[in-house]
Amino acid sequence: MTKTNAGHFFEDYRIGQTFRHGPLRTVGEGERALYQALYPTRFAVNVSDPLAQIVGLPRAPMDDMIVFHKVFGATVPDISLNAVANLGYADLRWLRPVYPGDSLGAVTEIIGLKENSNGKTGIVWVRTTGMNAAGEDVLTFVRWVMVRKRDAAAPAPDPVVPDLPSHVAAAGLAVPAGLDFSGYDQSGVRAPHRLGDYKVGEIIDHVDGVTLSEAEHMMATRLWQNTAKVHFDITARPQAQRLIYGGHIISMARALSFNGLEGAEFMVAINGGAHANPAFAGDTVRAWSEVLETADTPAPGVGAIRLRLVATKGSAAGVLKGEDGKYHPDVLLDLDYWALMPV
Amino acid sequence: MTKTNAGHFFEDYRIGQTFRHGPLRTVGEGERALYQALYPTRFAVNVSDPLAQIVGLPRAPMDDMIVFHKVFGATVPDISLNAVANLGYADLRWLRPVYPGDSLGAVTEIIGLKENSNGKTGIVWVRTTGMNAAGEDVLTFVRWVMVRKRDAAAPAPDPVVPDLPSHVAAAGLAVPAGLDFSGYDQSGVRAPHRLGDYKVGEIIDHVDGVTLSEAEHMMATRLWQNTAKVHFDITARPQAQRLIYGGHIISMARALSFNGLEGAEFMVAINGGAHANPAFAGDTVRAWSEVLETADTPAPGVGAIRLRLVATKGSAAGVLKGEDGKYHPDVLLDLDYWALMPV
Amino acid sequence: MTKTNAGHFFEDYRIGQTFRHGPLRTVGEGERALYQALYPTRFAVNVSDPLAQIVGLPRAPMDDMIVFHKVFGATVPDISLNAVANLGYADLRWLRPVYPGDSLGAVTEIIGLKENSNGKTGIVWVRTTGMNAAGEDVLTFVRWVMVRKRDAAAPAPDPVVPDLPSHVAAAGLAVPAGLDFSGYDQSGVRAPHRLGDYKVGEIIDHVDGVTLSEAEHMMATRLWQNTAKVHFDITARPQAQRLIYGGHIISMARALSFNGLEGAEFMVAINGGAHANPAFAGDTVRAWSEVLETADTPAPGVGAIRLRLVATKGSAAGVLKGEDGKYHPDVLLDLDYWALMPV
């Protein structure tokens, strides 16, 4: 009997089935420094204990994307080892800051199943929730993936497609307890624009570009516990090209977006997202954002901004889809998210 | 007079001579995160404070290979700067867990000397012991290296060849104090196989592959304080190829072996090992294991498994040597070690 | 209105103008480990709590170059985003050790302005001071940069050229409080030479070489918060060559200089420096030092050594400039600095 993990196949999943992706994994200062080395992020709250204290937190929290990557990575062995594609995200909300030394775990429930008409694959919808060692939820999201069947002859389940929100309503955003941006400027932070400076429909070209390198995307991908061979093994892909993990592109685009969105310190929700095209080493990633919505929050001085964040390997800011409704071939990522920023 | 370290030559060593490789060097969370970024390791105890506490330790210990690399690296300037080859290891035992914040030092004693018949080189056997700041031993091992003579005319020493065990007996393994795997499953850890599931002679193909990159092996090698020019300087080698540090291959193979040996949480001894062929950037490393022996330990729920771990850049699982007794040219590493896993 | 930071231009600066580069950014064990992975540094005090305590410090301080890089990086958005060249450094002094967990900020004052005769650029002299969260200064330096004018027609300011010392006098060096090298040897540290072993005029060839890789210089450069596109984006430069950040070369050369200057544990001042030629991935960096001066300090057992540190991609040790007074085309860096070492 083989001892290696073959993963689950479409017919293994049942509605209501839950997976506990243990054990809790501890994150800390090492991940923080590596994140700054791997991505050109300059958002300040995540790397400044003094600024964090000025805005009402005990110390600098871990970057929200580190929390996402760690929780997501924990689910891969149970959920997406046999995934053909990661099709979408919905209703992703960060619920509570994570600090160095915290340990993160995750639980996933199967909430939707629908076999594809080809009989070889099916779509699995899951709700994953990440929590800390105290059992407090820190992140929750729905994603859906296309998963292979082990046996094409296995009977199709009754289709269940969950009803998902098109986006998280502003009122549903979880602002970190105690967050107060009233004194944000005292820190000397370099964030010239406030929520009121951003207009719905505005396009922000983040200007800077990063040419992807093999070593960097592999280090990032391992750090998030994703060890899928397509990211590491040149013999596993056509033309000896490693495929770059979609999560790496999300972090790269978010980091690039600092230039123009300096005050968007916290990611607080992801409404949806698509990995529009694959990326490879040698591609130069740029990013642009479109302001979709702005909103107040109950926290002092804290506003919310809903943004479309697009990563591209060549197309201009503002270019997204062609007349056929398909993504421009240079578009890598189309992400709809909420951030918190000073009003 | 030159100020640079020319290292010691064969004729400089005497039986009983000792080297103290100071000062103690502090390891911490940074090394832990880098280890996860550089290797696809997913063994859980090393990255989970909660799991470590479930199994009786105060918090997550440093990966055993980090301890090995740090102690080994400390010995290079005194022992192997003029080494032509690292010939073998014997009787390597981890004696005590190392935690973030601990400082590691090492002492080496010369225990064997034998000049080669060519009169230009000789073999030096050493016993190295690593210790923490409290003076407690954390690791001990014998290795032997072929070292150049400074002066071929220097007289040969009386040959002394130490009597070395073929392997560490199960009874000689140092199980970490307090280790108790009885509650291991409570952590939700994803380790489907227990000691009893492994049969002597069984071959486990670990399936996954990693194509080596220059930046990653250099970062790893520096982290272990090995600054030998063959690993960093393309002008120091034929065909502008940096040689990849053998220690990097050990860590890569051990990390890959997670897939099939998820429960083998602790390395506790290395019985012997050979770097069978050199590795270079662009090689794709795979690994397979053969179960050599299993044993009980006195600790609750803790068993020991002796494994042959083989890293290869192309040959199939189970292929080791040809009819001529020589390693297959694709075999990079042949390591005989003991791990601890839940029974 | 564009939201991205266009930086300041020559005509935006006024004598006496100050910039507070907030917020304070926290450094820690992650940066420490990454520094050891990115550079072949083996200076011991920065990585050994026990040695640090032997020499009178509470624990291992952060590498002085980490402090320099972090403070320098903080100034880039306000000072050198539109710089054509970083022309020089003067009177750089480290004033106090920085420890893991400290947070670093910086303030810069404009101290000199002189428009160039072409009317398109000008030289800006600045004094930057880095401080910790307690408001204590940790580093101060003058640098001058050539900055573009936004509008060539803008009137030239009255030229002000600050009077700068040719070098920091030995008496002006800030020895860390409590530093005492009397017991240095107790640590077992491998530093065979003491201050008295170095003679003025002596040239030390540090022998080892490192071939630069894209991934490593990008990771280092991001870690220092320098996100200038010439370092990351191959489309921003001729021949698709990323330019390597000058600060990366300083750290590489300083790390290589360990071999021959093992005891030069602390950098305490930089008297001047020039980035003589650009460096690119694939270049093999070597280093040599010339002893310029030695001096006593008031601290027990602590001497000061003034060194010229030269990084080269090919020229021999001792080769610096041609008969025309221009740097040899292989010379990358010419740095004049003071270090502290045991007498």
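Going in written order, the chains are labelled A, B and C, and every chain counts its residues from 1.
By definition in this document, a residue touches a chain if its C-beta (ideal position, glycine included) is under 8 Å from a C-beta of that chain, and two chains touch if they have at least 3 such contacts.
A quick note: this is a predicted structure, and the numbers were derived from the prediction, not measured.
Engineer: Roughly how far apart in rotation are chain B and chain C when fitted on CA atoms, stated in degrees to the nearest 5?
Structural biologist: In degrees, rounded to 5: 120.
Engineer: Give a one-word verdict, same or different, on whether chain A and chain C use largely identical residue numbers at their interface, taking over half shared as same.
Structural biologist: Counting which numbers both chains contribute, under half are shared, so the two copies meet through different residues.
Engineer: Starting from the mean Cα coordinates of chain A and chain C, work out the distance between those two points in Å.
Structural biologist: Roughly 36 Å separates the two chain centres.
Engineer: Which positions in chain A touch two or more other chains at once?
Structural biologist: Each of 28-31, 33-34, 213-216 in chain A touches at least two other chains.
Engineer: Would you tell me which residues of chain A are touching chain B in their complex?
Structural biologist: Within the complex, chain A touches chain B at residues 2-5, 20-26, 28-31, 33-34, 77-78, 100-101, 103, 105, 133, 213-216, 218-220, 222-223, 225, 227, 229, 232-236, 242.
Engineer: Considering only the defined contacts, which chain A positions touch chain C in the complex?
Structural biologist: 28-34, 36-40, 42, 44, 47-51, 54, 60, 187-190, 192-193, 197-198, 204-211, 213-216, 259-262, 282, 284
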